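Got a structure for you, written out below as structure tokens; questions coming shortly.
When the chains are written out, they are named A, B, C and D in that same order, and each has its own residue count from 1.
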Amino acid sequence: MNHRIGIPDSEFVRGDIPMTKQEIRILTLAKAGIGSGDTVIDIGAGTGSLSIEAALLAKEGRVIAIEREPEGFDLIQVNAAKFKTANVEARLGAAPEALAGLPAADVILIGGSGGKLPEILGCADKLLKPGGRLIITAVTVETLSTALSNMRQRSAYSVEACCVQVTRIQQVGASNMFKALNPIYIIACNKEG
Amino acid sequence: MNHRIGIPDSEFVRGDIPMTKQEIRILTLAKAGIGSGDTVIDIGAGTGSLSIEAALLAKEGRVIAIEREPEGFDLIQVNAAKFKTANVEARLGAAPEALAGLPAADVILIGGSGGKLPEILGCADKLLKPGGRLIITAVTVETLSTALSNMRQRSAYSVEACCVQVTRIQQVGASNMFKALNPIYIIACNKEG
Amino acid sequence: MNHRIGIPDSEFVRGDIPMTKQEIRILTLAKAGIGSGDTVIDIGAGTGSLSIEAALLAKEGRVIAIEREPEGFDLIQVNAAKFKTANVEARLGAAPEALAGLPAADVILIGGSGGKLPEILGCADKLLKPGGRLIITAVTVETLSTALSNMRQRSAYSVEACCVQVTRIQQVGASNMFKALNPIYIIACNKEG
Amino acid sequence: MNHRIGIPDSEFVRGDIPMTKQEIRILTLAKAGIGSGDTVIDIGAGTGSLSIEAALLAKEGRVIAIEREPEGFDLIQVNAAKFKTANVEARLGAAPEALAGLPAADVILIGGSGGKLPEILGCADKLLKPGGRLIITAVTVETLSTALSNMRQRSAYSVEACCVQVTRIQQVGASNMFKALNPIYIIACNKEG
């Protein structure tokens, strides 16, 4: 493995855009099983932190990073330049519309859905190659519930899900304090080959 | 990345030996930053699940897996054969004694210490190369507390720690139930280069 | 407070019936705000542990404990006798049918719904007095999601929810091990007065 | 129970002083088993939120609230006035010194120790009546570790501990988001009668 996944959060440029934390990126990428030639679509890419780590894995492939907020769209490009991942293509737009015309993908990551998750899952299913992996991260009850019920109904997929709750231990003087991060649900869907 | 980290738990052969769960293996390996030529020492290797994933990353390197229980020692070899990781060397014995004569390491993983953590950390420090990574996983208050206080005192190391609590979502009929795994603390110590 | 809430789990008689753990009972009872003369309905009462603690609080009131499994129905009576709570009335049956003919309630607790949560919530709303409290505990994504979306739509209720994850610390030899209990969601709905 | 434990956090006056959250107050009070005539000592009382709920339970008893920060000392009195708990006595000072001359107690709560936990535990043991309860809440590895090892060595006490991690569900538009609170460890020590 030339690329060692798990870039520290502090190395990414970010404004006020929420960023997936290091531990969640690591687990998402591992469950995505990205190969060096893969085509990856990252929906709701935010600061691009996940897209960039994906691009370092898919180094002969490409990562299409879709983000509807102009601030995020700019940050993706700033971060892609910083990490020299020329294979990241940022696109400004909202899914599912922004998915039109995209190539078939080996991996689709969904980190944000703007309330249109069922439509996005329908489009993602069409774009995802046989044997591909669809990974949804959820921070709301609605995304968790919709993702599970929608994907469990699709017979072509095996679905497994977990909640990951990370508590950072922060040094404060001579003490080590427990500082919780928000829990994240990861729903991993493998499409049959 | 030829090897995609995150082998499902069910693929490892295990008896009654406790096994580090997939999500924790993934995070431990990512924080260890294992390179393809690295020498890795896995102390308290249990079933060998972590050793084997480490060996797949250090494919031109070697992994020395130390385990004091004969059942675990056997399972490490069974699993190494199953995953064809010829670069895993199982050793029956307890640390710190079993660390005598080992080569300098790029990465040391400590998953079990049999109540001798301070002595083991002292030996590990001597074995770890400059720039190396020492990763301790803790499932008891004592291991967490000792690892943090011992390693924070060593000026050559930067230490960061977190607790990871994974809740699996298990399908039971039409329902998706929350099933907690035990929390694990991961203490990652980077030695200055 | 004559009754001190928080009877240890081990004091209840239980068979193979799942039992709400002490910490969750305490939080459920506190959020229910049970007064000494209250009428309480406990739907899906299981072993009766929650009913009995509710009955100790509503000592001049009554607790109607509904359980569809005969084993649970028997255990409720065994536990009510053990704790001398004559104001617990066990009823064998499944909600919503078993709710027919029940008196108006100050507090309704829902610990199990057998897949009929929307119907049960509709009946519970009719039974609950103005100013009453409806507390739902959820161990599945579906119960959490349905309870939240159903109750948030009812303008007569203020709804607040949380997840509680308890990790017991268990002494094993000289060590204190972290042992996770499954997380539980508590949805507390206060009806306007 | 005239007093229903579980005052919402928002009803307490607070400045920049950290406040024990509602769910943790509830569990601490339940594990403390406060009777109506009890004498309670609250060490590191902060805003006084726990002292005030304790005083509502010990309504014929008294609660001595010790706080070393003047801002907290003032807030305790403001909150005691707001909730009309005349039986709360705020004392400005740091434990263990501030414990000198205090009466024997049925319940001692330790929410802050300023790095002097071993000394405070020694004094608390002397102040605590046979059959009394000592409850320590910990937000650092050091407090958790010290409290457990110190109290487990005292043969007069039975000790049980747990970690409580509450995640609030917060309505954001049409979504219910998971928002983690920091985990708290509760160490409950019952002194033999």
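As a convention for this text, contacts are C-beta pairs under 8 Å (C-beta built on N, C-alpha and C of every residue); 3 or more make two chains touch, one makes a residue touch a chain.
Just so it is clear, the model here is predicted, and its values are computed rather than measured.
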Centroid comparison with chain C (C-alpha atoms), farthest chain: B
Between chain C and its twin chain D, rotation from the CA superposition, multiple of 5 degrees: 180
Centre-of-Cα separation between chain B and chain A, whole angstrom: 27
Centre distance in Å when chain B and chain C are each reduced to the mean of their C-alpha atoms: 42
Per-residue overlap in chain C, given as positions that touch at least 2 other chains: 141-142, 148, 163, 165, 167, 169, 176, 178, 183
Residue ranges of chain D touching chain B (in the complex, touch as defined): 141-142, 144-145, 148, 163, 165, 183
Complex contact set, residues of chain D against chain C: 1-6, 23, 26-27, 30-31, 33-36, 57, 148, 152, 160-169, 171, 176, 178, 185
Contacting residues of chain D [partner chain A, same complex]: 115, 139-143, 165, 167, 169, 172, 174-183
